[in-house]
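Listed below are the structures to be examined.
Next, two complexes with subunit A in common: one pairs it with subunit B, the other with subunit C.
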Partner chain A sequence: MPLIKADQSLDCKGLACPMPIVKTKKAMDQLEAGQVIEVQATDKGSLADLKGWAKNTGHQYLGTIEEDNVLKHYLRKASPDEIKEQKKYMHVITNEELEKKLVSDEIAIILDVREPAEYAFNRIQGAFSVPLGELENRLYELNPEDSIYVICRTGARSDMACQLLAAKGFKDVHNVEPGMSTWSGPTESN
Partner chain B sequence: MSTKVAIIASNGGLFDAYKVFNIATASAATDAEVAIFFTFEGLNLIHKQAHHQLPLPAGREHFAEGFKNANVPSIPELVEMAQELGVKIIACQMTMDVMNLQKEDFIEGIEVGGAVTFLDFAKDANVSLTF
Partner chain C sequence: MEATNALSVMTAAELTRLVLAKEELFILDVRNESDFKDWKIEGERIDVINIPYFELLDGVDPVLDQIPDGKKILVVCAKEGSSKFVAEQIAQAGRGNVHYLEGGMKSWSEHLEPVKIGDLKNGGSLYQFVRIGKGCLSYMVVSDGEAAVVDTARMADVVEEFAKSHGATIKHTLDTHLHADHISGGRKLAEKTGGTYWLPPKDADEVTFSYDKLEEGQDIIVGNTTIRIEPVYSPGHTIGSTSLIVDEQFLLTGDILFIESIGRPDLAGKAEDWIDDLRETLYNRYRGLTQDLIVLPAHFGKISELGEGGKVMAKLSELYDKNPGLNIQEEAAFRRIVTENLPPQPNAYQEIRQTNMGKMTPSEEEQREMEIGPNRCAVHDK
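Let's look at the complex of A and B:
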């Protein structure tokens, strides 16, 4: 399994409850919204605890991998207004419409603009990963003539990505709404 | 509005202390507003000297090693963490009077109050616990 990229790594190995939670909270306070933290823990209870913690604090639990008896939890810091952000890009397609397109074999490029750790745990099969923050410098990897379906978790980051692509002369760009948070079609992970 | 957790601590052993402070720190770290009312033997858990050497239940002394092996933080460490996370600590005035204890006998940063001080906080709490 390739390394999952995180903005910060937090060592909670050997610590018992409630320390992994307390340390995660403190570390999360220092992060910027949208950043991803990796929490390394050996406390078996930390798996359920961190899921519950994320649910109650509004942050996003991405997933956990186990390596050599160490649990590596990945969480993304939510921004308070993430869901309320103004969406401006006009060409929108729903999850269901995109799913139908995929089934009917229409050739489409799915551009996933979430963070690599989010992409690693859960993505649409064949989706191409370019985190929003890197998009402007990686436009050369995309063809402006292609039909591109841009997806993120809730439609906010993909909205910004669509605006950027349209401004750079991409002809057929669609924002997928709401996005991976409610995607019910087939997915894959690392 | 955030979750409110109201805890009454009325026993003074090491097990009791862990129950109280684990829930309190975990809740506070999960953005809950937490207050603990320390009464009767529970006052030991915040007494300057006593909270460094809380007793294990009789016949359960062998658990001391288990605590060490599990790398569980000490009670003074948990208390400090709880305060850092904003847990409100209220010592019961009536019990202090009965036991002839002064505010200075306790750790820094506590409040002293009566039953209504706690009730005022607990009346709209989402979670109420007694240990």
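Let's look at the complex of A and C:
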């Protein structure tokens, strides 16, 4: 799964604007779609500016952690294919249907196939994290007999995950659409 | 790389003079949208547009047609770096008369412009320091080698230099109330010059330092010519708020009464309790004073409140005619106006109050960050 793999870390500590954004843009240009970058900056203004830049360029701003006066911003490079890509997996459940199921206490396993950084900042309570790129090697962590609801941000990565699981003999797998991008139920973070 | 000829730097002081002289200027503000919405540079003949610098990383060509040819252009950002980055590109694209703001909005927020308000009866003068970026006003009474400063800004050095250049030693620093929008330089300045720091005791319950009580009936003398600074207890914005009458001519109203608005009672968390005090001060106590007094407030909210040469002042009688905050006849309506639909609170106002009480000691850089944005101490903008 080359779509989602290595994170990159970018050191912008001590730099004043516009340099953190200039450097982030350059680094982002080198990344492949779907990859996550960590930008370390000490300029407090970098938070609002990176958010604004991500919004304008379509990249996904995931969140920021502050540690020892260093801001660590996480962004995921937009992948235009994600939206256009045809979804192939048949068994689909909407966000609302899944939310109802969770409220009615039905036991369901939610498999979140986004990147760890996306998962860290915002996820459904109790969701299990296996990034799409690692799924094939971690199938043993899942039970093929369980009902599994697979979620990502927009339904594209989870669609691919569902296909993989079905091909490996998993019996009751559902793709959650559209996914976390519009999830309105309760969430948690690290 | 050699700088392009056409690119020049503009200081906050130069920009201030340009605003006060009502000159024409086109500002390209390259901060992000939320910062721009929060506050910006204004002037009667200033046009301003906002295009964040991060939309211009690939060049300025797409926006050149939004920048008028032949006008004086100023590019502005938070600290300077991004505005220089953008201004250079505009200059390289062949535009002339392009400037960037030295030190960005941080410098703009800190610039103090001294303006002479008038002479005192027995010699001496009264000056107003207009902190144009933030809308804060402080004052200096100078008489016979002595000076008293009221509602001093954090940038105490500028004030001290000004006193020196007028051959005066600062003997007193006064705060009309415990400020919530800016960090007071009063205590620091008094320590430095060996002067006395005065604060209304009712606002000083929780302070961690010693001070002299600014109370009614206590005159403060500046110089040998007896310029009396007479405190008048006038609660409402805070419970301790105290006005000052200088030389029987000037009424320093602090954050109680402004030129086009009145003070808000909510910044110390006690809006409900202080409405009656505020009304009493504005509608009775000030009414009982000589109506010829010149009102000098601690803030302005709109550029239209700046008068000739940048002076912010008006006769008390005039304010009773024109200020909407002094013309709300019904008590219920008054109550509503001073508690509902108030503007957002000033940036970091709780931390600023803590700092002014001596409970927090942020670094210089942190203090600068805390003070970013407009003062927002008035009830409305009309």
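Here is the rule we use: the second predicted complex is superposed on the first by the 184 of 190 C-alpha atoms of A that agree within 3 Å, B and C clash if a C-alpha of one lies under 4 Å from a C-alpha of the other, contacts with A are read in each partner's own complex, and residues count from 1 in each chain.
As a working rule, a contact is a pair of C-beta atoms (placed from the backbone, for glycine too) under 8 Å apart; a residue touches a chain by one contact, two chains touch by 3 or more.
The structure displayed is predicted, hence computed values, not measured ones.
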Fit-or-clash call for subunit B and subunit C when the two complexes are aligned on subunit A: clash
Which of subunit B and subunit C A:V22 touches, first, second, both or neither: both
Partner chain(s) touched by A:N137 [first = subunit B, second = subunit C, both, neither]: neither
Subunit B versus subunit C as contact partner of A:A48, first or second or both or neither: second
Partner chain(s) touched by A:G14 [first = subunit B, second = subunit C, both, neither]: first
First, second, both or neither for A:S104, with subunit B first and subunit C second: neither
Contacts of A:N69 with subunit B and subunit C, given as first, second, both or neither: neither
On subunit A, positions contacted by subunit B and by subunit C: 16-19, 21-22, 25, 49, 52-53, 56
Complex contact set, residues of subunit A against subunit B: 14-19, 21-22, 24-26, 49, 52-53, 56-57
Subunit C residues touching subunit A - in the complex, by the definition given at the top: 32-35, 52-55, 57, 77-79, 81-82, 85, 369
Subunit A contact footprint on subunit B (complex, rising order): 3, 22, 25-26, 29-32, 70-73, 81, 85
Of subunit A, residues touching subunit C in the complex: 16-19, 21-22, 25, 44-45, 48-49, 51-53, 56
